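Just below sit the structures, each encoded as structure tokens.
Both complexes shown next keep chain A, but they swap its partner, so chain B is in the first and chain C is in the second.
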Partner chain A sequence: MESTLSEPVIGGAVPAPAAPPGGAPAKDTDEPRRGGSWLRYIGAKAGGAAVSLVMVVLLGFFAFRILPGDPVRSLADGRQVTPEQMDILRRQYGLDQPLPAQFWRYLTDLFQGKLGDSYTYNRPVMELILDRIGPTLLLTGTAAALSVVLGLWLGQRAAWRRGSRFDKTQTGLALVFWSVPTFWLGLLMLLVFAGGLHWFPTGGMVTAGVQATGFEYAWDVARHMVLPVLTMVAVVYAQYLMVMRASLLEEMSADYLVTARAKGLREDEVRRKHAVPNALLPTVTLIFLTLGGLVGGAVTVETVFSWPGLGYLTFQALSAPDFPLLQGTFVVFSSIVIIMNFFADIVYRLLDPRLRAS
Partner chain B sequence: MSTLTTSRRSVATARRVQRLREVWAEFAANRAGLIGLVLLGAVILLAFLAPVLAPEETLNVTRITSAQNEPPTWANPLGTDPAGRSILAMLVWGARISLLVGFAATAVSMLIGTVVGMAAGHFTGVTQGVLMRVIDFFLVVPSLVLAIVLSSVIGPGVATIVIAIGITSWAGTARLVRSQTLSVESRAYIERSWALGASDAHVIGKHVLPAVMPLVLANTTLTVGSAIIAESTLSFLGMGDPGQISWGSMLKAALDTGAATGGYWWFVLTPGIAIVLVVLCFTLVGRAFESVINPTLRGR
Partner chain C sequence: MPRLEFKDLRVTYATQGEDGPRTLTAVDGVNLVVEPGSTLGLAGESGCGKSTLAMSVLRLLPANAKVEGSILLGGENVPDLSWGRLRTVRWTEASIVFQGAMHSLNPVRKVREQIAEALRIHAKALPYKDDAARDARVAELLELVDLSPAKGASYPHELSGGQKQRVMIAMALACDPELIIADEPTTALDVIVQAQVLNVLTALVASRGLSLIMISHDLSVLAATCERIVVMQQGKIVEDGPSADVMRTPQHPHTQALAAAFPLIGDPASRLRLPGYTAPDAPGATAQEKAGTFTAPDPADVVLEARNLSVTFAGRGGNVKAVDSVNLTCGRGEIVALVGQSGSGKTTLARTMLALQRPTSGEVLFEGKALSHNRKALKDYRRSVQFVLQDPSAALNPKHSVYEAVAEGPRLHKLPGNEREIVTAALRKAELNPPERFLAAIPQELSGGQRQRVVIAGALALDPEFLVADEPVASLDASVRAEILALLLRLRCELGLGALVITHDLGLAWNIADRVVVMFDGRIVEEGRVEDVLLNPQHEYTRKLLSVVPTNNVVEDDASVAIGAGS
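== the complex of A and B ==
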């Protein structure tokens, strides 16, 4: 449990509660190990996730009501608005109702999948979020897949040849990428590959004004995706590399590798068939833990590249400010992350036979 | 009697001075940490001297003689921004906000983390259950999104950023402090203290806190680095005070004015390099300090 706090809490793409480069994934030491049946384990984890979800729902409502600042005033900020117009606005968004009534409406709406109306778009927030969630999943999914493959591959190679030049360059590079703010890396990409070399478009998801279909459309989107995906991968792969490296280093002194070598296996086979599968175990859990955070980290990348996803929507809601929209993106983002973490707990249990048996 | 107490105190003082010397010697043996410390000292000095090095009127847009978006020249070694201000002067002034927010947010985060962590480790039953749920929640919830929500409600400003970072980043500390509290409280001298009738406040204040502090302090240095990244991110998203320059707000201006796609590399590169350099320094110092405090980490 060393230096768990060194992770960039906000700036990095992944605010996961896992270990930073150089550490094995943090294990929850508080969890009862003995006698916990499968069902009880899932029950406990689901209960925890449910409590977190309830807290998100509560915070999503009360943060915008109890903290200082009148939403209607900021909505009318800088414009000539008469008190009558302010009243109309208040009524329109239900802000004239007493707090319990507002809260009741918020809850009943939420259970019907409604998140209120956006101030700036004059459309239901849920509609906006559904529009934007696809591009975010496309972007973060691609980035996650690439960084997992890259990080794990480099990590196991670095560990296997510990102390070699490959190991030193790779871990050094990973640490540097780790201290770089995501959005600055994005700006650098823009500077070099879009502004300087004109290899890739500067932003958006499709070329404006072009009605492409089929293969042409896919090609257009792919070209727009290159820079944002590269930015995300560069920031995220480092921690997969470091965890895979640490995890494999721990396995390397294990007795079963001596056995494998004594059987006459080639060094390459010892690594691929024996050491790596065991080292993957803690790593897989970490990957699941970070997937949720990756979605949250999309905010800065999407802002730099004006990628029409949830992160960019959050940024737009912040700039307006558009409180119902912000409330909606907060609830949706947080729920995604909490559910992902729940899956991480289940996968961890499923993968580790020692835990599954008990 | 008085001579006895003074001599006793002087013995204690001498021992402390001795221990500090040892810590310093161990720290100084780590060359990367030492380099980081020296560089950090230089940056802090520059930030303090900002009004002398770059008088405020050099940043006054109405009195500027330089051209807009001028590449680096002898007059403006790092070029000018889209308003014609010297980027070097902005960088020095920006260091003030970035460092100030970095330290202040870390202090907030450490305070909340230590208090909640000790409480969650010390107390049992319902209190512990509730605190653990709260810690877990703050660990899980995406910090950037929560920080955005908080700062949009409070309104932009430096204090807002400090609060937003502090509130979203304490949970890791709390978990660390809690596990340390549990391990300290399982020791025999705490049991002795209980047996002698110590109160909760006594045990926490006299025994747990001193045992937890070194760990917290070692982490502080590392946390300042990530708080500076967080500050730049929040300023970049437009949550800072529009009237004040920070490294993050410079990069926001770079994005807004299209400096990256327009090829004004000097405006994009310099604030980012400043951030990376300072964060790297804090990481080096933090790791060196940590290995002094926690000998099991040595040799990594």
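== the complex of A and C ==
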């Protein structure tokens, strides 16, 4: 056998391409080019985000000026006011100025971190928002973390055992929850677990009249959080499940999984180390995009459960209507979405080495 | 004891047909012995069962496959192995170099990690216990395949096709297996890169005394690398013998068809001649073949011309000149082959001539008039010069019937006459007979060759003056390749329809082209009559291209002259 091997096989060995001599590996003729820099990429994406922010600020001012209704009249609603008093109110809120002047004031205030004064609360909008943003982040952050973990885990299991009973029931259940209106599910939860069973409080973030501190305070907040968080998770986890399932299904027929199996990996290693990291890529973008939306979506849940957050504040501002407050929450919600998109771009590039080339 | 032995192996797939479950036989009673240290080539067209046979060795077949008979790998019967034992056997006793390294490497992990992974899994059986030892081994493996160890830190997309395939080879060698199975290791690679990869693989196999099973549809690749060739058709072995005998005197008609699909450059028996059709002006055409009205193409009657054409793409780190001051003429009824390796600018040139890409400078002339870029003129031009794409499965809308696909052009250009008649006539010209049978079919129901005929029929329906075809047979099987080339040749001879055929396949040029144009780095480095350029190449690059075409040396006298002149 040895001798036949050393002989040139029929037709002669394929002649070597004209590679440069010497031991050093040849520079290949088909060498691909290297990718671009992080700085450029982040610069471009941050620029885009900044432009969107400016647009939001402009829109935030003008959108609420075209709304019908006189804010001063609705403020005085139900009370006897003289035209003089109305004028005083107008002057107080700067509504007697022409539109460009109002806009200029809005802009200069914005640069000093001010968003004007709320009509209904008689307090600076910025203060109100800073008060309420904590509870909202707590609520939506918890709900987001839970639904991402739950959705991704169920999604990859469902895909790996496609067509099994697990797959069918989990996908079905998730889709049912997704289709349910948020406020209805919230009311149902309240009715059953708070009203009927008395397991959880009906609303708010802390029990009224109790001055708890430390661990007791945390426990009180946690009990109040259960129902709103469950409602939010139930409504949103389906999209993570479906995207994870779909992208893993796509990866499951990929050739590199055969390579991994041929190397002798166990089936769960094939899934964990090779299939899931690839399937996560499209999912990550979606997660960041929906996180921004989740904060905005808190309006319904917070209102149903009287959670003292930004959503509830928006709801109250809407029913007044309190334009500076609406304007403020609008800018904040939109900024969160834009910032999340920016993060999505960065994380995606971190995760996918192929994007670093473009 | 043989390294590998198949005993009466049968593999069937349970599939869901239109009328209930069906079983599909992929491998049908194969008996085959691979001795230690021997090299075996497995040839056949897609669907003949050769990949199924290879995958069965490591039990990598999908769940719907049923294996009967035995596969003895180093004396152990693979179907009987426990999962634990199977995982140990995988990669340590036999490893696979997969087809298409592009997809066979995990895109989000560095290649170094992917090679080291194999070492880590089998750490028990190997002397590479810790990370340092594994890193050293990975560096050693990369050097074996002519890659610098620094390349290990690359992700797959940062490597070229040839480099990726060499990473696969390094990975296959990682655990020192006794048997390497290479499944179409060089398909989709350029001729020059293909030669490099084959060299690395065969040298390593020979120096280590490994057994090699090489799978390919290209007999000449197998002849150049293996001692013995086995030809499969429809799951059965139809020919088995030493490479020399199989190449010189193929016994089975299928082997003969496979061999004919890769013509020997310089062999008059394949010049303007294909199984099934011979051009009237082929050397040694019989009187009967010469019959009919045929006027030899006149290169002076120029239909399509590029004058001083340049295309520059703005890229990071400067501009890239994809096409650099190119002058090219295509005569009426003339087939011009534009050859070059990928990245040479040949596709950009073709796209520019089709006015799909604007030139940076220079102009394209059709029948002596410069192309204007106004919409009306472009539309007329596109009716006259039709485009045939590389992959018919991707070029056809999967939801459109054949009728829709072919009728779309005439409808768009408001061609006079009965639409149905135009479509059936076009299908008939593309040799889809009887046309009525194909009208309602959707692409999925057609074979690869039939799909490409539909694409060509779509072009013919507009009664064009000229065709531009980008790698028209690169994605097709060997025997289908010959049929499609015969069709293009017949269109040239019987309808006087010329074509600019873009290809990396010099054999194609020898088969059907009148003239050949060689492109390198955006420039045309050589052009002339096929016989002149391919048998007596002047430019160094043309010689290099010719030198790496795997040859079978059947026609000793002519071919050796041809190849000798090239190297």
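Following the convention adopted for this analysis, the second predicted complex is superposed on the first by the 312 of 358 C-alpha atoms of A that agree within 3 Å, B and C clash if a C-alpha of one lies under 4 Å from a C-alpha of the other, contacts with A are read in each partner's own complex, and residues count from 1 in each chain.
We adopt the following convention: contacts are C-beta pairs under 8 Å (C-beta built on N, C-alpha and C of every residue); 3 or more make two chains touch, one makes a residue touch a chain.
Just so you know, these numbers come straight off a predicted model, no measurement behind them.
Q: Looking at A:Tyr217, would you say it contacts chain B, chain C, both, or neither? Reply first, second, both or neither.
A: Neither partner.
Q: For A:Val180, is the partner it touches chain B (first), chain C (second), both, or none of the two (neither)?
A: In the superposition, A:Val180 contacts chain B only.
Q: Check the residue A:Leu190 against both partner chains and state whether it touches chain B (first), chain C (second), both, or neither.
A: first
Q: For A:Ala254, select first, second, both or neither according to whether it touches chain B, chain C, the two together, or no partner.
A: Touch status of A:Ala254: second partner only.
Q: Comparing chain C with chain B, which touches more residues belonging to chain A?
A: Of chain B and chain C, more residues of chain A lie in contact with B.
Q: Using the touch definition from the top, say if A:Leu351 reaches chain B (first), chain C (second), both or neither.
A: Touch status of A:Leu351: second partner only.
Q: By the touch definition at the top of the document, which applies to A:His274: first (chain B), second (chain C), both, or neither?
A: Only chain C; A:His274 stays clear of chain B.
Q: If we overlay the two complexes on their shared chain A, which of chain B and chain C does A:Ser319 touch? Say first, second, both or neither.
A: first
Q: Looking at A:Gly264 after the superposition, I want to know if it touches chain B, chain C, both of them or none. Which is it: first, second, both, neither?
A: After superposition on chain A, A:Gly264 lies in contact with chain C alone.
Q: Using the superposition on A, tell me which residues of chain A are in contact with chain B and, in the other complex, with chain C.
A: Shared contact residues on chain A (touching chain B in one complex, chain C in the other): 1-2, 4-6, 9-12, 15, 17, 29-30.
Q: For the complex, which residues does chain A have touching chain C?
A: Checking each residue of chain A against chain C gives 1-2, 4-6, 9-19, 24-26, 28-36, 254-256, 258-266, 273-274, 277-278, 281, 351-354, 357.
Q: Show me the residue ranges of chain C that touch chain A in the complex, using the header's touch definition.
A: 35-39, 55, 58, 60, 87-92, 95-96, 98, 100, 103-109, 117-118, 121-122, 143, 146-148, 151, 155, 157-163, 171, 190, 192-193, 195-196, 198-199, 202-203, 206, 209, 220, 223-227, 242-244, 247, 315-317, 341-343, 544, 547-548, 550-553, 567
Q: Name, in rising order, each residue of chain A that touches chain B in their complex.
A: 1-12, 15, 17, 22, 29-30, 48, 51-52, 55-56, 59-60, 63-64, 67-69, 74, 175-176, 179-184, 187-188, 190-191, 194-196, 202, 292-293, 295-297, 299-300, 303-304, 314-315, 317-319, 321, 323, 326-327, 329-330, 333-334, 337-338, 341
Q: Show me the residue ranges of chain B that touch chain A in the complex, using the header's touch definition.
A: 132-133, 136-137, 139-150, 152-155, 165, 168-169, 171-173, 175-176, 179, 219, 222-223, 225-227, 229-230, 232-234, 236-239, 251, 254-255, 260-263, 265, 268-269, 271-272, 275-276, 279-280, 283, 286-287, 290, 294, 297, 300
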